[in-house]
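Per-chain numbering from 1; labels A, B, C and D assigned in written order.
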């Protein structure tokens, strides 16, 4: 079994490493510091750096610039030119933020049309740009070649026009390549194990140690001549933990039939009750004791969370079961049930996927099936190929994850740890790929 | 060994009364617990304290009734501080279910500090939009908030005259019960360099701690304990400070229950073992 | 005036619910059923105000987005469950929603959780300091927890020890979640009792 | 033919596949399929809400008709439902939105739903207290470890913790940031792998329980 997982792992590791990403070298012209920036002084040059936003649905231009720290609290207003039409696309952006995006928003879908050429100019100002200045920037008489424009309050410095730039939509989002590869590997793993399970090849699932606690609990309870109580929680038939709870009920009922004692199943939902009655009846016939199956032992209490807890509590105090099973979907009411079960001295075996309730079950019950363990227990009992295949496939994925993490440790120690150049690069590559 | 036997089976209701007493008494007596403000909370307090008069603070309500005891006290303490320093809170809401709570807190403290609506503070209420709205606030707040929470145009209020985008807000304070703060930090902080302070429920506060270490947020208030620290800084002890006493004593009571219950359990087990078990 | 009545109603309902602590009684049942009824009505209005109207009716009426007929169609045939003879039609819309959910489930769990969590568990281990110790412990914890949930092989030998250590990590995580849940619920209790004492009784005396 | 299960299974397969494919293609029609499908999902969920409300009201009407033991409370439930719906409609008519501050609908939210919800949640504080005394036992090493960590975290998060020792809160922070983080991640990976498995089985039509 482990050998096959290793083969699968090598295949996936190979696929992951062949896709190294070329680093985009961003050339940039640094801005002269403010001292030399006098009205007649040197111009900003083609200050803005333009590119189409990659991996997007089009209609997006990335505008970035390098602002020297002396200019970090200046403001930048960006003017776009399309043919002879000019438009102010962004005002008063902090120079230190280093980038802005001119994109289509939900309201205005035609701001940027793919494939058309745009030219951008930056207007640098010490204070917020005035409204007249904004109007002036877009009027036709303005000649954009001039370096500085002054208005009543301050001097604005214009950069050269940079461009042209076109926006385009990309057909494949490169950033999500790793997700694609992982999805392919995982789906392949699932299908592989489904076929095996369907062909009847018995895939091995270890015995969940909670299950032999079931044997012991039912045995001890019958010695004391006490009934067994099985509580399915407040889930519905469509909830996965309730389905798993019903499977485990089948096993417990079969054991109870063999020991010829009584099993009580108080239910929260009528549909779950009828299903439970079917499961118990079938288990009793399987154990060869259909005669002692009593339909009324599986009864409906109420469909209200704490009302159900109070009802089951009362029954526990009256019937004093020797063993209590809490298997299914539980919320805050689980505490009342587990507490009363403990106070009457019953052996309690709990199981749920609700991570919020698990700590309380672990503290209050003798044995707890934690999340996935409950699923595995129901699969161990019922050997349904559908579930068997998926549990083993998930195990396969866990092997892949663990191996990649171990690889991370090795690279982590050698790369950053001992500063071995190439391993360091490999280490960062691994992080970037994920 | 009889008493362990009897005590192990005392009635559940007696314990309910005990926990109720341990919560009620400190609320009434308001004992002076030494609440020492920690650095992440002090950073927010000092930042707001040194803001120039008339600067605006954007407060986002991202919690609902279930986390009211942990968030409302901090909201009220922060608003008191703002009004005292003539700082103008602007309230917006990302979680609709929190809108009534935000409004309640704002109106209560505004009345207390007799602040004038539309001049000293304003409540813009809830608008859908989430991330798109956060980015939109970088350009013009009126794209998303053209009306206040009573559908009155914002331009009819003097406070909104020079408020356009993040540049006009000295600080963004997010009161968070869920993970909306991740979007605030990524968009408002990352893209528009907006200074951010966060108040989170006790459960999720540890997850946001590394934002504070990496300086992406200026400070972090965690649960009712953080709120109590802020009330101590604002030296107006209220729900959170009183609550912290009850919280401390309830925790101690539950811890004693666990310890005592286990002592009885182990004594019982040894007794059974000594008798060789029936 | 309305707020004082409101405070009395809220205080009454709070005491009705807490009466369950004494024993299950008609007062508790009254408050509980009222709660179920009111929240059902609240979410119906909420769904209308924030889903049906803004996403379906307004777009169709105002800006003629007739493509929304498709979800409306699937929504309406969902209601065929009321008529047993044609209730099989509702399976189509269940299939449609489950299809969307499953599609999002596949990409969402990989991109939203599995890859980022793996990425943040690959940590630099530089020098013998506290940070490296922590990083190593985190990666070791994640690995042993996964080993605990490994079902394809018997937990014996190295795998057995790994699972045992994994169990320790799980127990620490459960202990922390136990502590936080207790803290959050006690905060809520304090909030309720603060309301009863100061807002309610406070308004009388 | 129309009644057979193949059509729903085909719908699930096609819709699931489109969702997955459009995740990788940002270009025009595919790029915003995800946002559109989320909107459609909530529209259909809105209609499903009617089914839920109907089954709830139907259950309680039957209880009243058959004079079952708690039939009076069923009347209270239905009355509460009708009251809120009328308030919602009236609020929408009067203020343009039921959720407006001044509407009776918001009044019901503030003075009925908030107290009821907060009180229901706070009940757990009582149950935990009594379970702590009567049921939480360190019966094995694991349970002991759990209880000890719980005690440390509970002390570390309240001012009393700092009184005991200034290192306690820092130790609690360490527990939260290292061991607890690692285990939460491991458990989370397990759960999401399971969810991934369910999603794949549903799309491929292997898992059919939702159609029963």
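Everything that follows uses one rule, which is that a residue touches a chain if its C-beta (ideal position, glycine included) is under 8 Å from a C-beta of that chain, and two chains touch if they have at least 3 such contacts.
Note that this is a predicted model, so its numbers are computed, not measured.
Would you mind checking which chain's C-alpha centre is most distant from the centre of chain C?
Relative to chain C, the chain with the farthest C-alpha centre is B.
Looking at C-D and A-D, which pair shares more C-beta contacts?
Most contacts of the two pairs: C-D.
I'd like the Å distance between the centres of chain C and chain D, where a centre is the mean of that chain's Cα atoms.
Computed from C-alpha means, the inter-chain centre distance equals 3 Å.
When the centre of a chain is set as the mean of its C-alpha atoms, what distance in Å lies between chain A and chain C?
Those two chain centres are 14 Å apart.
Approximately how many whole Å separate the CA-defined centres of chain B and chain D?
22
List, in ascending order, every residue of chain C touching at least 2 other chains.
Touching at least two other chains: 20-21, 29, 32, 36, 106-107, 110-111, 114, 118, 121, 139, 142-143, 146, 149, 170-171, 174-175, 177-178, 180-183, 186, 188-189, 191.
By the touch rule stated above, which residues of chain A touch at least two different other chains?
176, 179, 183, 186, 306, 339, 343, 355, 359-360, 362-363, 371-372, 398, 401
Can you list the chain D residues in contact with two or more other chains?
Counting only residues that touch two or more other chains, chain D contributes 20, 23, 99, 109-110, 113-114, 117-118, 121, 123-126, 128, 130, 134-137, 139, 142-143, 146-147, 150-151, 154, 157-158, 176-177, 187, 189-190, 193, 196, 198, 200, 210.
Please categorise the chain-chain contact pattern as a line, ring, star, complete graph or other.
complete
Sort out for me which residues of chain A touch chain B in the complex.
Touching chain B from chain A are residues 90, 92, 94, 96-97, 105-107, 128, 339, 343.
Taking the complex as given, what residues does chain D use to touch chain C?
So the residues of chain D in touch with chain C come to 2-3, 5, 7-9, 11-20, 23, 34, 37-54, 56, 70, 73-74, 76-85, 88-89, 92, 97-99, 105, 107-126, 128, 142-143, 145-154, 157-158, 174-190, 192-193, 195-196, 198-200, 202-203, 210-211.
Per the contact definition, I'd like the list of chain B residues that touch chain D in the complex.
Checking each residue of chain B against chain D gives 8, 12, 15-16, 18-20, 33-36, 65-66, 68, 96-97, 99-100, 103-104, 126, 149-151, 202, 206, 209, 223, 225, 228, 244, 247-248, 250-255, 257-258, 260-262, 265.
Taking the complex as given, what residues does chain D use to touch chain A?
The touching residues are 20, 23-28, 31-32, 59, 121, 123-124, 127-128, 130-131, 134-137, 139, 142-143, 146-147, 150, 187, 189-191, 193-194, 196-198, 200-201, 204, 206-207, 209-210.
Considering the complex alone, what residue numbers of chain D touch chain B?
96, 99-101, 106, 109-110, 113-114, 117-118, 121, 125-126, 128-130, 132-139, 147, 150-151, 154-155, 157-160, 162-163, 173, 176-177
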